Amino acid sequence: MGYFSNIFNGIKTLLTGMSVTGKVFLHSRKGAITQQYPDNRETLKMFERFRGEVVMPHNENNEHRCTGCQKCEIACPNGSIEIIWDRKVNPETGKKKKQIDKHIYHLGLCTMCGLCIEACPTDAIVWAQNYENAVYDRSYLTKVLNQPGSKLMDGVEE
Amino acid sequence: MKTEAEKIAPTATNINFKSEEYFVNMGPQHPATHGVLRLLLTIDGEIIKKVEPDLGYIHRSIEKMCERNSYQQIVHLTDRMDYLSSHINNEAVCLTVEKALQLEVPDRVKVIRTIIGELTRIASHCLWWGVMGMDVGALTTYFYGFRDREMINDIFEETCGARLTMNYNIPGGLMWDIHPNFVKRTKEFVAHFKTKIPEYDRLLTGNIIFQKRMKGVGILSKEDAISFGASGPVARGSGYSCDVRKHHPYSALDKVTFNEALKTEGDSLARYQVRIQEMWESLSIIEQLIDNIPEGDYKVATNTVIKLPKGEYYQKVETARGELGVYIVSTGTKNPYRVKFRSPGFSNISLLNHIAVGGKIGDLVATMATLDIVVPDIDR
Amino acid sequence: MTKSIHQWLLSFMSETATSITEMVLIALVYLAIFAVAGLYLVLLERRVAAWFQLRIGPNRVGFQGLLQTMADALKLVSKELTGTDRADKFLYNLAPYFVIISALMALSVFPFTQELQAFDINIGIFFLIAISSIGVIGILLGGWSSNNKFSLIGAMRSGVQTISYELSVGLSLLTMILLTSSLQLSEIVEVQKNGWLIVQGHIPAIIAFMIYMIAGTAETNRAPFDMVEAESELGAGFHTEYSGMKFAYFFLAEFINMFIISAIATTVFFGAWLSPFGITESIPWLGVFWFLGKTLLLVLLMMWFRWTFPRLRVDQLLTLEWKYLLPINLVNIVLMALIVWLNLTIQL
Amino acid sequence: MNNNELQELIGSWFPNPEVTIASVVVEENQESSDLSTEKNVEKITAKEGINPSLLSFTEEDSEFLTILVKPEHLHSLMKQLKNNPKTQFDYLYCLTGMDWGKELGVVYHLESTVYRHQLVVKVNTEDRENPVFDSVCDIWKTAEFHEREVFDFFGIKFNNHPNLKYLFLTEEWEGYPLRKDYVDEVNMVIK
């Protein structure tokens, strides 16, 4: 009898399995989890903490908050940040002050670990939620974060 | 005089073939090896005579890289080891550093770390379940597993900012506080997933073909499990109680009650059932903690440059695959002198030859799926 | 219409030439229709698989992806044909044709309607079983000549599998022949005017149908019996080393074979083109749709199997055949014989 | 067992030859028969009885009791640790290759699944050209792969290893990457 009960139990388990997939099949119209990606660009919203790439926000006067302290450069494990800076004389106070010339960010080396943003004392760099980072040439991945002609925001000190 | 076959396969030269045996190169590009693992099989017809893993195809020498990085920077490298339990890897490094600094982190941090750790474990097991089904030929399981894993990944993305390599832990706490939606979403997930595990069981576990494929295949005895240094569900399937969460509790795991999933059969089915059972246990741990996340800081301030006192520090944690050990030797500078990661996958793959010999090719694939191999974890 | 073509051809050709021309014409028409039908079965499979798996499936090329397989076919045709060193070139090139030709040949005997049947021979069922086992030679040749160990293992598995399951397919159909007492497909349909054979033969017929579907799935090397391809074990099995159009032949043959297995089941168990209330007898062209509808339902069932079950191991495959299917099948034949002898069939 | 008891017990396996033979025999007898009696008296004798040239104990800089053993006694010590019913270190959970600068060494982390006590055994050699230790893979099977890993990255050879060849590296690899003096100007980026 074990022979036949084996067969019946076997068939029963097979039918149970088929009922699971069958149920999905019948509800396939609204159950699909596929994201039809390029079509849903408008509705696709990343979470606000999503780590897309590092950017440096500028205000309307083309001013940023980076003092050129290089803490992010030291914190970065992969050397994806390079800061070219200079000491320039502030015409008002007459003191020499560190100023960034270029804040270079290699997106191609970045592992999105977030240590640079943790390290930044003035919140000069933040995460952007940009997720389309593919480019045709690797050189596009090297970015200068501060806009040309931008300068340090007033009142930002280390 | 070398034969033609030996010339083609240089590493097979030291295998002594009998006349009826032949050599098959499984991997590094093969669907069942889950990455770039290469297995040198000696086969007699369909029957496996010898399995020899050839590793190192994605070895990045993380241990050497750690020696030139600061302690904060090490954490993100561990994301890239066992990427399916990246949070727990991060936690292991942070716990080691905190232990060395004798830093007591706030209770809030401990609880959040534990919840996210258990979510990571469920996510990892979901993916394993899907791939497990796919390895034995049931292709649909893959998508069902991913459907549920996706919910966890969304929770991670909202709170930690990334889906896989999260780097949410820093020595001394967490990078940010949890997102306001975290508790709500986690509860939703727990409720959702409770209806899905029975579905997993109905679709695959109970299936007669699956049972026949798994039962009595790849048997690992308890003594061998200990001797081979097996850990995690692989060892617990052989009745060896090795859950680090039980024996050496860390973070908030001493505050919760849960059962260690144990099976004594030691075959592939036992390893499978242990993982299914673990998902239930993880759910119960999350349920115990999610409502009582204590208020407080999400990190304690550390120096910008962390210098560990001279000495040796070892911390083990239970990742989804087993026992991960972090061994840091410090000479008192800002970089570690030597870091060793005792990865669970490395010990688990070493017993593959022991349990797969004598089975068929199909058995090998099924057994390997129950070992739940992540190749970067083996290669580090 | 066929008569008028026949008359027209006869007007300027000899009798023999006419019949040869007609055969060639019919063959061409069948070839064209079923190559396209095979392609659409591929699309169906992909969409159905997607629906089982919480996905949408290909829906980009054409309306709801209807041109997807055309695009795929175009891609396959234009792809480079690669092969391994030291492959047995002659056998390697021959293998796909064995597989595709045997699949297409079997199509010729199906009674799509009362009239639309290319080739109504009196050993129809026998012909079908014979033809469908030629395909395995192609698989064996392909696996053997590829100079690839995975292909070889796949081919050997295929040999073992087809030889075993051929028995069950044959015997389960033989069970039904007891009811019809004819091998000719048109006569088998004729008998079913008193009710489908699965109803006439009730219990043993249902058992025979189940065995037939299991063995038929195994015959076509589809999951859960896809030992031959077993992508998680053997990469792609016997067609690992094939590319481009040669691969497409194997691929197409698999789907046409699936159609054939379902079509045989429709003919033998579910009354081919016969519909309730004799609609298809009064409007014959409806019979095609009736036939295809039933066949597609069975195809769907086979797809349902494929997207639900895990794969068997090669020794379990043989255990299932020799320890379960074959003994049950033999007992079932005796049971059917008793039922026919005692006149216990259900006649509507 | 706590660390003190462990130290006492393991020390007694390597008696100091300068202590009189009679006392050693007494010690060993006591060891095998009854440990609990005359505990205080014995502790002093045991600590003095260790042969410092064979092995030494330390507890500083580490949470575990650490034994530093001479290479020639490594295998016999390990075998004792595994097989002695009082220690039963049956779980070798970590095996680490080390480059101490001058010396090369291996660190073994042991745990007993019965008693749940842990122990670290270290072995060092100054021979950087041809460092050789005894393999422990006949005692713990897991050591087979771990020792191969150490062989890959530190060039430490193991006697009696069944299959000692490169596991991660390719066969033609030169040098031992995890040694401190390894230089690869192309692939290593040093900040």
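Read from first to last, the chains carry the letters A, B, C and D; within each, the first residue is number 1.
The rule we apply is simple: contacts are C-beta pairs under 8 Å (C-beta built on N, C-alpha and C of every residue); 3 or more make two chains touch, one makes a residue touch a chain.
Computed from a prediction, not measured in an experiment: that's the story for all the values here.
Engineer: Among all chains, whose Cα centre is located farthest from the one for subunit C?
Structural biologist: Greatest centre separation from subunit C goes to chain D.
Engineer: Determine the centre-to-centre distance between subunit A and subunit D, using the mean Cα coordinates as centres, and give it in whole Å.
Structural biologist: Centre-to-centre distance between subunit A and subunit D: 46 Å.
Engineer: If you average the CA atoms of subunit A and of subunit B, how far apart do the two points sit, in angstrom?
Structural biologist: 26
Engineer: Hey, how far is the Cα centre of subunit B from the one of subunit D, in Å?
Structural biologist: That gives a centre separation of 28 Å.
Engineer: From the mean C-alpha coordinate of subunit A to that of subunit C, what's the distance rounded to whole Å?
Structural biologist: That pair's centroid distance is 52 Å.
Engineer: Hey, what residues on subunit B touch two or more of the other chains?
Structural biologist: Counting only residues that touch two or more other chains, subunit B contributes 140, 143, 147, 203-204, 207, 209.
Engineer: Enumerate the residues of subunit C that touch no fewer than two other chains.
Structural biologist: Expected reply: 52-55, 307-309.
Engineer: Using the touch definition from the top, which residues of subunit A touch two or more other chains?
Structural biologist: In subunit A, the residues touching two or more other chains are 14, 17, 20-21, 33.
Engineer: Which chains are in touch, pair by pair?
Structural biologist: A-B, A-C, B-C, B-D
Engineer: So in the complex, the part of subunit B that touches subunit C is made up of which residues?
Structural biologist: Per the stated touch rule, the residues are 22, 24, 30-32, 46, 133-140, 142-144, 147, 203-204, 207, 209-210, 212-213, 360-363, 365.
Engineer: Inside the complex, what are the residues of subunit A that reach subunit C?
Structural biologist: The contact residues of subunit A facing subunit C are 7, 14, 17-18, 20-22, 24-25, 28, 31-34, 36.
Engineer: Which of the residues in subunit D come into contact with subunit B in the complex?
Structural biologist: Result: residues 60-64, 66, 90-94, 96, 98-99, 107, 109, 113, 116, 120, 140-142, 144-146, 149, 166-171, 177-178, 190-191 of subunit D touch subunit B.
Engineer: Across the complex, what residues on subunit C touch subunit B?
Structural biologist: 49, 52-55, 149-150, 153, 223-224, 226, 230-235, 307-316
Engineer: Name, in rising order, each residue of subunit B that touches subunit A in their complex.
Structural biologist: Per the touch definition, subunit B meets subunit A at residues 69, 72-73, 75-77, 79, 140, 143, 146-147, 150, 157-162, 165, 167, 170, 175-176, 179, 199, 202-204, 206-209, 211, 304.
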